[in-house]
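What follows is one structure encoded as structure tokens, with my remarks underneath.
A, B, C and D label the chains in the order they appear, each numbered from 1.
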Amino acid sequence: MLSVRAWRALAPLYQGGHLAVWRRAQSQAAASRLDLSGIYPPIATPFTAKEEVDYQKLEENLQKYAQIPFKGLVVQGSNGEYPFLTEEERVEVVRRVRRSLPAGKVLMAGSGCESTRATVSMTERMAGAGADAVLVVTPCFYKGKMDSRALIQHFTKVADSSPVPVVLYSVPANTGLELPLDAVAQLAQHPNILGFKDSGGDITRIGLIVHKTKTQDFQVLAGSAGFLMAAYCVGAVGGVCALANVLGRELCELERLCVSGRWEEARVLQQRLIEPNAAVTRKLGVPALKQAMEWFGFHGGACRSPLQPLADAEIQQLRRDFSSNGWL
Amino acid sequence: MLSVRAWRALAPLYQGGHLAVWRRAQSQAAASRLDLSGIYPPIATPFTAKEEVDYQKLEENLQKYAQIPFKGLVVQGSNGEYPFLTEEERVEVVRRVRRSLPAGKVLMAGSGCESTRATVSMTERMAGAGADAVLVVTPCFYKGKMDSRALIQHFTKVADSSPVPVVLYSVPANTGLELPLDAVAQLAQHPNILGFKDSGGDITRIGLIVHKTKTQDFQVLAGSAGFLMAAYCVGAVGGVCALANVLGRELCELERLCVSGRWEEARVLQQRLIEPNAAVTRKLGVPALKQAMEWFGFHGGACRSPLQPLADAEIQQLRRDFSSNGWL
Amino acid sequence: MLSVRAWRALAPLYQGGHLAVWRRAQSQAAASRLDLSGIYPPIATPFTAKEEVDYQKLEENLQKYAQIPFKGLVVQGSNGEYPFLTEEERVEVVRRVRRSLPAGKVLMAGSGCESTRATVSMTERMAGAGADAVLVVTPCFYKGKMDSRALIQHFTKVADSSPVPVVLYSVPANTGLELPLDAVAQLAQHPNILGFKDSGGDITRIGLIVHKTKTQDFQVLAGSAGFLMAAYCVGAVGGVCALANVLGRELCELERLCVSGRWEEARVLQQRLIEPNAAVTRKLGVPALKQAMEWFGFHGGACRSPLQPLADAEIQQLRRDFSSNGWL
Amino acid sequence: MLSVRAWRALAPLYQGGHLAVWRRAQSQAAASRLDLSGIYPPIATPFTAKEEVDYQKLEENLQKYAQIPFKGLVVQGSNGEYPFLTEEERVEVVRRVRRSLPAGKVLMAGSGCESTRATVSMTERMAGAGADAVLVVTPCFYKGKMDSRALIQHFTKVADSSPVPVVLYSVPANTGLELPLDAVAQLAQHPNILGFKDSGGDITRIGLIVHKTKTQDFQVLAGSAGFLMAAYCVGAVGGVCALANVLGRELCELERLCVSGRWEEARVLQQRLIEPNAAVTRKLGVPALKQAMEWFGFHGGACRSPLQPLADAEIQQLRRDFSSNGWL
């Protein structure tokens, strides 16, 4: 059976018209898909007080994460402050993570840019730096023109040329844009697109995406800890959760309870995670995530400007959202 | 133990300051709460071609619904076109439903109006017409001023004077307003407010509401079939689902699967219901619900203006949403 | 030439097929349109402490308004708390205003309801109570279905049967819905629809509506004082402004400056009105309008629940918005 | 009198505490502010069929623009596709424009990036390439955290270090974020921030910004042709309008009519520009702008992916929006 990489190497040969052969290769490629199931922290990028990337602290975090039964790591998801990194920094962080990551763990790297050509190029660089898969966010500046036609073409071009499998990524809180369901359903048929991270949290939509892509063995990941259990319930296979930077073991435990059908226990745990999760995401954002990391033994470090440190009242609110649920 | 009604009769006596006694009565009242768990169709109101309420067709629908294991009926939820009914019609429809409803079924009647005084009055009339509980929607015209303070006072006044228990109702697609979580949490402590119908569908929020009200034995109902399974998963006890007007048995079956922990089977059924549900709610609305009712042996009838009959293309789309999921 | 009323009386005769005659009557009717140009306060409804309509205080307000060069009054616009009034109260308030209104002033009464049939009926009652024109808001509960097709049919039916001319009314802050431009353009051709009150404040859209309806002599009114001067600039003929309940003379002065082309002076005055206007509308709403009325010698009175009195901090903010612009 | 540049050079000296001297320098700097009044096309970036920057076509456009009485050019506003350019390309385009631009015309270059440090750096490079001023858009990816505190600090740091004056830029259709009024009012006091381009189009807000900044001689520019006349009416001094790429002379004529108080003529012209403007901005976007440029004798060229060429139906709609207003 062809691996995805082998398929990629052969694909150009088929494009002269040997469609039947190409289709066969496609389905073989699909059969060998990377298994994404499990929990991933989309890791934060620690900065020094001068806002330089703090590779030393990053390394120390990685060593701690290695002790937690994560499926892998996402590098440069939304809360990795990737829009604040230079291209060089984006690639270098991935290279460092690759070096530290224990064998068998999946490295998923965010490679999305606004233009298709920049995304294609960044995808190649991420693969070269050791990413097992890339997470590609919807372009969003021209949101009024980012309809299904434009997005399908964008992701298709990226997936066509990517040396590693592509995971689609929709995060409306940051982009102001949701990857439309019909686009997801069509893109799921591409042999090099193997999954979707949905951070929107509309559980009806997530259920429908699972339903519409079930013949493609398409892998859906919850993009936030707040609806992780519900996402498992409707058919997701894992989660990329900011909160896993802080409460990683607990999220892996929640995964285990869901996967083994222990829903009553899962519910109790899930409910205690909603407020801490909201605090480090939509309520108080990346600065809160980094603050909470400090409380739980990780290095958060500073944010790059224009992100500001939390105000005192915000720190207190953050603490309450953890302590009232028994985590502090 | 005091029934809720007895508690209501005694409550004024306690308000002179005998707070301890009152508190005790409260908890007793809470202990005897009406059990809301199960599936409810928020019944459509059939109209004649001249847009008069068609009580004959309503009666025939009720006889068919009596064969389905619903927990009860909701009369004058959003898709009952209640904003188009006169006050007299609102009450008369409830009276007719009461007369037809088999013993043991719960009649929940929508009694919400824009002003508190009108809601208080309509609530009394609904109770007089035989409602077991009232469903009270958030006032919404002055949405900019409908903060937690205003809404808590509104619902508290209504619940204070209501002869029957109150169920809160948030339906942002119609009202442009979500009942805030802190308001729900506070109102859940009122002895005469026993539950909440959430049609917004934010599963993270629903989970958090269950969590925040767990000491009050507060009953949360999913307000739409699209997220019914996920809502059960995070702790809801039932659903008020427009689609139950059409596929009532199937929704009761979904309930049974969720309640008995048969999640794999539930998921398969749930997924087939998402598109039909979306079609008769947010995509095509009440006219589509009524059209689909006709296909499945119920009387939908006309809508009142300004709601328009479906255009031909919409009817085809509606049919596809049912047929592609194996229902037609 | 036929008056609009005469046209209405004859219209049924023409509907058997005498279309040419009917068309002629239409254009004649259009030629005699009521002139709406000028400033209108959408009057507040004073309530007693027990939330009853305070007709005495209303009367006293009307006597004061009679001293101000308003074109007329709007009764039961959004800030008249009409959704909190019973049908009887709505009509009675109009009847009282009619009795007090000096000759030559225009009485425009809000007659919009959710259903077409209720709006038709309320329109007739308003005309019977003495309204010179009716202001008909977009129905909004089923906002997902209120497309141009539904709204055109709604307003056409209302205008067809109305004994007095109809003014369209779009107020998205309350309804969550904007009357679409193509619907306005088509409805402007109806002989009994003579204008449009736009409270949305999108000045590009207002300019385009003036442009698209210029052959119909359609009269556009600004729905708020914040963009009154800009609206005159792009072709509006007047304004229905909540702030006119408080600073009526000043708004009439602003009108005079705009109409006479004294734009530099107009600008200075307009700018001082923006913050007070925002304070009594979108920032703090009807309770703030009523509070400010008290400061300026009018009776505001209480609001009906669920509208709440202003908190102390809000009163201070309101005062600042007036005083920092030199009005207090 | 000190020039702004001289002030910048001296400013560090004053920060040890010689506040009075510093304040004086500030006011002197303010007095010599660059005059921004007039019309600017935010020029499109032509690409070849292979999506490379087509400097030859750019040059030819510039020669045509030199014949039109523009105040200057904006390079890399939103419709210049700057998010699709590399850093090198961004700077190179500015360098080329500088070389071609007739003496006396203002070159305003977009230098906004997501991080403060990248914006500081890009601002310096733009000044080095010959920009007379920089246009700095609000960072937007972390929109939930981009409150006034964060935005004030961001723009202050950029302005503190910028060798040329800074113009603030708010374009919510692209960023999902509006620069808050209080932030604008505070930033207007910075000696190196001399104006604001508002593409949101809320005329009430624009009027209030003019009002709140009147003691700073702060210059407000309309960010779109649809509300250009209204913006002049309330106190703006010019416009940066996508449509000026196509109908530049007409927009300069509209400016002349507004500035000379010929409002009646202005209104007629303004109204004919609304639909063409909407077509090349929010309705059909940059691809439509480039298509229309071709019709009017300029080079539009291709867009970079993921922006797609217009579909046939869109081209027809675009044509109608120009032809029905007498431009084609």
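Note that a contact is a pair of C-beta atoms (placed from the backbone, for glycine too) under 8 Å apart; a residue touches a chain by one contact, two chains touch by 3 or more.
These numbers come from a predicted model, not from an experiment.
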For chain A placed onto chain C, the superposition rotation in degrees, Cα atoms, nearest 5
180
Can you work out the whole-Å distance between the CA centroids of chain B and chain D?
51
Using mean C-alpha positions as chain centres, tell me how far chain A is from chain B in Å, no decimals.
37
Could you check chain D for residues that touch two or more other chains and list them?
none
Those chain pairs meeting the touch criterion are A-B, A-D, B-C, C-D
In the complex, chain C residues that touch chain B
51, 78, 83-84, 86, 114-118, 139, 141-146, 149-151, 153-154, 157, 173-176, 282, 285-287, 304-308
Going by the contact rule set out above, which residues of chain C touch chain D in the complex?
201-204, 207-208, 210-211, 224, 226-227, 229-230, 233-235, 261, 263, 267, 270-272, 274-275, 278
